[in-house]
Structures are given as C-alpha cells and as structure tokens.
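After this come two complexes, each holding subunit A, first together with subunit B and then together with subunit C.
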Partner chain A sequence: MNRRAQYEARQKRRALIIASASTVFIVLALVVLVPLAPGWVAVQKSFFSWDIFVRSLPKMLDAFTLNIAIFLWSAPLVAFVGLLIALARSVTAPALFPLRVFGAGFVDIFRGLPVVLVIYLIGFGIPGLGLPRPWNSPYIWGTVALVLTYSAYVAEILRSGIESVHQSQRSAALSLGLSERDVMRYIVLPQAIRRVVPANMNMLIALQKDVALLSFIGPVEVLRQAGIYKSLFANFTPYVVAAVIFLTFTIPATRYADYLMNKQRNERS
Partner chain B sequence: MLRKISLTILMGSALFAAPSLSFAMDKCADGKTMTEGKLTVATGNPAYYPWVHDDAPESGKGFEAAVAYAVAEKMGFAKENVTWVRTTFDEAIQPGVKNFDFNLQQYSITEDREKVVDFSDPYYSAAAAILVRKKTVEGGLKPEMAALKKLKWGIMQATTALPVVTDVIQPESDALFYDDNANVIAAMQADQIDAAIFDLPTALFTAAVLMDDGAVIGQFPADRSENPDQFGMLMAEGSALKTCVNEALSALKAEGSLAKIEAEWLQAATDVPLVK
Partner chain C sequence: MNEVKLRLEGVSKSFGKNQVLNGIDLDIAEGEMVCLIGASGSGKSTLLRCMNCLEPIDDGYIYLDGKDISEPGLDLSDIRRRIGIVFQSFNLFPHMNALENVLLAPRRVLGKSREELVPQAEELFTRFGLKEHMHKYADQLSGGQQQRVAVIRALAMRPEIMLFDEITSALDPVLVHEVLDVLRALRDEGMTMILATHEMNFAKELADRICFMDGGQIVESGKTAQIFSKPKDERTRTFLKSLLVS
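Moving on, here comes the complex of A and B:
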C-alpha cells in the first residue's frame, strides 16, 4: 500500500468513526433527554398511550380499507382525465382552439382551488341540487372532487412530458407518413409518460393521503376514525395509529416505485 | 355610629392593604388562577347559541356565559375580573400548559376524557334529541326505534351522540361523521343523511334558526343513553381550582340559582316527545 492509499484509508476510518459517534450521540440525546423534559409524561400519555393504541387499532385498520378503496377507484380516473386534459392542451389544429382554452381553464381553476373547498362545493353542493339517492352519495361526489383536482395536476405533469419530446421526432414521424394522431400515440406519448413517472408517483402518494379529506363530507375513513377516537378518549394516540398505518402503506409503495424506475432505466441504457 | 367611624378610620389607615386583605380573607381561588385576581374562562370559537348569545360571552347572555359569571361571582371574582379566551376541542385536551382556568363549551363528562383532564361537577344534563327535516316528518316518521333504525344518521365528531347512535339506535346503515353543526346541516339539506343527534337545546336552536325546514321529533329518556349527557367545566388535569369551582357550583345549585339561569336561557322543551 503506497502512502496515498494509506492516507485515504486513514481518512475513511476517521470519517466512519465520527459518523458513528455523532449518530450514537444524537440517538442517545433523543432517547435520554426527551423523557427528561418536564412535560414528557403528559405528552407520552396523550400521543403514545399503548392502551389506546391497542384499543383503536382494529377499527382504524377497518377504516383504512375505505381509504384504499377510494384510492383504487380514483387513481385510474385521475390518470384518464389527466391524460385527456393534457391532450386537449396539446392540440395544435386551429379548429380545436376552444379545446385548448377549455384545458387551460380546467387546469387554472382546479389547480388553483384548495382541495377542501372543491370537496365541500361538489360534495355538498351538487347533491344539494336535488339528486335522489343513491346518486347524491358523498362517496361519488367526493371522488369527483378529488379526480377533478388531481387530474389538473397530472395533466400539467403529462403536458410537460409531452413537450419534452423533441420536435425533430415529430417532424421525422410526420415525414414518414404517420398521421398527427399516430405521432402522438406511437411516438410522443410512450416517451412522455415514461419520463414523468417519478413526478406522477408523487401525485399518487399525495392522492392517497388526500383521500382523507373526503371525511369532511361524511365518510368514515382512517383519519375521521382517528378523530372520533380522539374525541371519545380525549387523546391523540389514534392519530399516531393513523400515521403508522399510512406509513406502512406509502413507504413500501415508494420503494417499489423506485425499484421499478431503476429497473426500467437499466433496461433502456 | 361610633363603630362605623372607627371602621372608616381603620379602613383609611389600611387603604393600600385593603384590597389584598379582602382577597386573603376567604377566597378559595387565591393563587390558583392563571393571573392573580383574574379568572380566565374559555369557550368555543365560535360559541354557539343558546349557550352564548351572539358569540359574545362578555355580555353574560346565554346559558354558559351566565353560568360562568355566576360561578365566578361565587368564587369571588367581580364581572370585570373575568377574561374570556377561545379554544378548540383539541386545544383543550392537548398536553401542556392551558391558557384558561376553566373551559365550558358543552363538554360531556366521560370516563376516558377524565383521564386526561379534570371536569367540574356537571352544570347541565342534556337530553339527546333527534333533528330531522320537516319533509321526513311529513313522510310519516314517528319517534319509534323501529323507524329510527332505517334512517341514515349523521353525527358531529366531537359529541357524545356517537354512543346514542351506535349503541342505542343501532341503525341499519353506517353513520356519516362531520366536523361541526354547519356540515351536518349541509349534509341533511343535500339529502345525504336523514337525521342527526344533538343535545336538546342545540337541536331546538338548529331546527328553529339554522334550518328552514328543521324539526326535532324526539328526545331520549334519560336511561336510554347510558348516562344522560352531563356537561362539566373542563380544567387542566390536577387543577387546584377544581374544588373551588365545585364549591361554587354546589352553592349555586343549593340556592336554586343554577335552575333559574337554566330557566332563563334554555327554552323549556316539554313538548318534544320521548323516543319509544
């Protein structure tokens, strides 16, 4: 081993020691110091009560299946509507100009409004016009509100993907005799969608959390169930239960998405 | 006469000591409030009629505002020494220092809540009442259990209406939950729910004022709901003030003024039938 290699090995060892020491120090500080805080016992009782954790968990899991159901039927709708809006904003034919205006207006409105407002407005407002049951269900109109809001975001992401495909590819395809429609379908979209997968993964996770906002108009999903328990027990532990449930769902989902994307990248390069 | 004069001289000589003297004499609450000599009372934001009129508890109008001032007076606080603050339900139960001496906004006393905060003795026992739209009544709804089971129920989250619906009524379809009165009414007007449970005064007010077509069709006899909802004043866990508040409340009860306040501010609702 030459002197440089020795030096580098020494530096590496030193960095390792410092990193472990500081990590141990921080963890110890958290574990030892936080419980020393005068209010720790009260905080522990309010947020981390094992008794309440156990009492609330079964029904919370039950309520979470509603989150998953709403998410599962919303996500494909969001993808579909988002794609339509993105395509509407990308048309170039002069005759279809009103379509572009519609797409732009849709995105402006639904991306600019707070989700909660859209949920209230659509979830209470439209059924209030006098729809009969079951067509006035908060599940239906809450889903519509979520889909409208999220497809506005997804449309913008897809549009950025569509615009990232270079003009030369379209020109080449057109010169080969493909129609405008086929250029979009076979040349542009396959590349565009792949490029924006990571951004859309973010939207999926955000959507999964925002499903909880539907609880404002009635459905008892996991966050509402937590709120109910909070009121009954006067204790915030049920929210911690909800957080744990959310994390056990989102963390593996993101890791899996990362894995898929890496795999795809390796296959292509 | 002589006595009066000598007293005046005495008072005069002790001019500066006098206020603190009168404090120290027999006030249970001394040194137990957040600010010495002041009583800080919390209510909701907004505070609802008929508990507080016009969202202005300082006026002393409304049942809870009146009770708060009566209790304060019994504890030895003049009206101008009562300060009002606003809290949400969550702020009242969160761990840490409270920003009020006691908090009254229709908090039902429950065993689980009592583990985290302290409650005074109850100042009001509320019957649970059923609020519906007039068209439901015209549709032939009677306050009978069999009919109530078929309804779609809405519940306000932070209330103890939940056990009434899930344990007593046991409806055929799941209840929907809302954050506040306004949302329950919106859902009822959107026909998403048929009926909701409130405490009787709130139900009567909601039906009469907040809704165009509201009706209170029944109330539960006291033994139906496991315990009739009893409202207590919420205090920090282990509050030293609790005994003073309870003393004041029992004095008010004994002399009949609490009942008088109730009669003055809460509409007598003898015409609401009991649920069979």
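Moving on, here comes the complex of A and C:
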C-alpha cells in the first residue's frame, strides 16, 4: 500500500468510527428520552398498536393496489400529454402561434394551482354536469385532474431538455437536408428525453404519492382506507401502516432516481 | 475555366445592427477549391452558413448551377442536400453511432433503404480509414475521427459542393493531418469545395484560389501563389504579416 492509500484508509476508518458513534448516541437518546415524554404511553397506544397494525395491513395493501392501478394508467398519459404540450410550446412556425399560446396557458394554469384544488374542481365539477353513467365517476375525473397537473410539470421539464440540446446539433441536422420535423424527432427529442429522465423519475414518485389525494373525492385507495379504519378502531395506527406502505415503494424509487442523476452527472463531466 | 457552379452577387447579411456580410460577390467554378481567410469575426462562417441556406440572406442573390437559391420560400431541404457542410465542432449526433449518423439523412431525405445504403457507407468508412470505428459513438472517437465521420456523413448525401468551416481548429496538430488527407483526396476527385481556415499552410497547399475577407467583404481574391507572394491590398498584407509574427 502506498503512502497516499494508507492515508486515505486511515481517514476512512476515522470517519466510520465517528459516524457510528454519533448514530449510536442519537438512537440511544431517542429510545431513552422519547418514552420519558408525558404523553408517550397514549401516543404509543394510538399510533403504534401492533395488534391494529396486523389487523389492518391486509386490507390496506388491498387498497394500495388501487393506488398502483391509478398510477399505472396515469403515468403513460402524463408522459404523452406532457410531450404534446412541450412540443406545442416549442413550435416556431407562425401559423402555429395559437398552439404555443395554448401550451403556455396550460402550463401556467396547472402549475399555478394546488393539486387538491384541481382535483376538487374537476373531480366534483365535471360529474356535476350530469353525464351518463361511467362518465360521471369522480374516479375518472379525479385521475384526469392528476394527469393534467402532472403533464404541466413534465412538459416544462421536457421543454428545458429540448432547449438544452445545443443549437449546432440542429444546424448539423438541417444542413443535411432533414426537415424541421425530422430534426425534432430524430435529433433533438432523443437527446432531450435522455437528459430529463432523472427529473421525470422524481415527478413519477411525486405522482405516485399524490394519487392519495384522490381520497378526498371518493375512490377507496390506501389513504381513504386508513381513514375508514381509523374511525372503526378509534386508533391512528392505520395511518402509520399507510406511511410504511408508501415508504417501501418511494424510498427505493428515490434512491434509484438519485443514482440515475449521479450517473448522468458523472458521464457529463 | 470550368462552368460556374456557385455564384454570389451582392450578398448581405446583418444580425440586428451588426452588418456581418456587406455585398459579397464570388464565383466558384466546378471542381474548384477556394479558401476563405481573414481575421476572427470577418464573416467567414456566416458566409458559409448563408451558402448552405442555414442563414437567410438579407440582400443579394445566390445561384447554384445558374438557379437562384436565395429566393425566399424555396424548399431549403432540397438545396441543403446538394451542398454539404462540416462545422468546427459538435458535428456528430451523440446518441447515434457513426454508421447511424451517416445513414439518417439519406434514409429520411432521399428515402433510400438501409440495405442499399450500408454498402455505400461502408465503402466511405473504408476509404477514410474508419471501417473499424463504424459502430462507435462520438465520445468513443478522437476529434480527428469525429471530423472524418462528419465528412463521410455529408458525402453520403452525394453533395455537389462541400463547405468546411475551420474543421481542424479544435484538433491537436497530430490529428490535423488525418483530416487534411481527406480534403486532399476530395480535391483530387474534383469535388467543388470552399474552406474557411486559419491554417495558412492548408490554404497554401490545397487551394486553387484564396479569398481574403475583412469586415464582411471580400477584400482581395486571387490565385493562391499570388496572394501569398504579392498581395495587392494593404489589408491583406497586414493580415498575412500579423500571422508571421504570432
């Protein structure tokens, strides 16, 4: 081992010891101090009841499959609508000016409103028009609200990706005789989409969580189910169950997004 | 003298208030190799981009084979495919390998099939010593190799004129020779070429004719030997002298 490697190994050992010691200290402090709080016994009973955890888990998981289902069919729609809006905002032909205005308006409106508000307005408003059967379901219109909101964000991410492709790539493609459309399709978009994959991963994770907001307008997904159990058992543990279920999905997903982000940063430097 | 292939008459171009080209007149004969030289900012790149219709011109005319190609509203794709251009850098599409880079335009623009194109492309890669690099991506190729792929990509469209904009200035001197060899080969085949360059050795060796540009005008144009041995214009003299000093 050379001198530099020895030094680095020593530094690493030191860092590891300090990190472990401080972690042990904090955990001990929590374990010892939190139960000393005056309300701890009550909190433990109403939030961390093992019995209720076990009893509510199966049906909570069941309800979570609805979250997954809504997520799975919203995500491709978000990608599709987001792409359309991004393209609408990127066209330069004067004849298509109205399209650009529409794209800009869409993005301004749906990024400017709280998601819950959009869900209420569309999820209650449109079924209120008295449409015939499947079309009056708040389940459908709530999902539409989610898709519209997230498309606005994804469109902006894509547009920033489109603009990040160097002008000379466009020149090189045009100089070969490719049409504007082909330049977008074969040169600009493939590069832009690759660049914004990590940012869109984060949008996907956020979308997956926000499916729970539909609980406000009807569908019995995991958060709504937790609310039902809370009333039934007069206990908050089902919310903790919901939190645990969400985290088992979102933590690996965020780690993966971070990994992609780092990988891309390293590739570029 | 051969037929005039490309004719520029009073070509002018401004970016905002900045008049970059100021009444350029230039005739390029079939099979001729012309070098544009001149200080940075004199308008060489802009002139090449105008010839390729990447920049619309404000005034004047450009004729290709006697046909006006500067008229607004023409099908630019049709003109661009007849005039190839290679830039200083960022030429290749980084998300495609070298072969895909070369095949894209002939497939999309000329509507040829892959099967038809691959043998032709392979032939070009072989000729420029890049056969074994055909399936590599830009970031796996050296600068000189990238520029040669860019030349192949332009040639795959079977252009009638090739424009080169300082294609070696981002390369280190060792790699310059590879690219120079390519230019020499093309000249010997009789390709009509216009080359903007800061490398006077290039100009001296390759060009039939030199055009010296200053302030958006062609100040002096003449046979290569004449420009370098006894330039007529004071500005040309000053420019060439400044190169000797640095």
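The definition used in the following text is that the second predicted complex is superposed on the first by the 237 of 269 C-alpha atoms of A that agree within 3 Å, B and C clash if a C-alpha of one lies under 4 Å from a C-alpha of the other, contacts with A are read in each partner's own complex, and residues count from 1 in each chain.
Note that in this section a residue touches a chain if its C-beta (ideal position, glycine included) is under 8 Å from a C-beta of that chain, and two chains touch if they have at least 3 such contacts.
Since the model is a prediction, treat every value here as computed from it, not as a measurement.
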item: Which of subunit B and subunit C A:176 touches, first, second, both or neither; value: second
item: Contacts of A:83 with subunit B and subunit C, given as first, second, both or neither; value: neither
item: Contacts of A:219 with subunit B and subunit C, given as first, second, both or neither; value: first
item: Which of subunit B and subunit C A:136 touches, first, second, both or neither; value: first
item: Partner chain(s) touched by A:186 [first = subunit B, second = subunit C, both, neither]; value: second
item: First, second, both or neither for A:166, with subunit B first and subunit C second; value: second
item: In the complex with subunit C, residue positions of subunit A that touch it; value: 166, 168-169, 171-179, 182, 186-187, 190-191, 194
item: For the subunit C and subunit A complex, residues of the former touching the latter; value: 49, 52, 54, 76-78, 80-81, 84-85, 87, 89-95, 104-105, 108-109, 150, 153-154, 157
item: Residue ranges of subunit B in contact with subunit A within the complex; value: 89-90, 93-96, 110, 112-113, 115-117, 154, 157-159, 162, 174-179, 183, 186-187, 189-193, 237
item: Touch list for subunit A against partner subunit B, complex; value: 39, 42-43, 45-47, 120, 124-125, 127-128, 130-133, 136-138, 215-220, 224, 227-228, 230-236
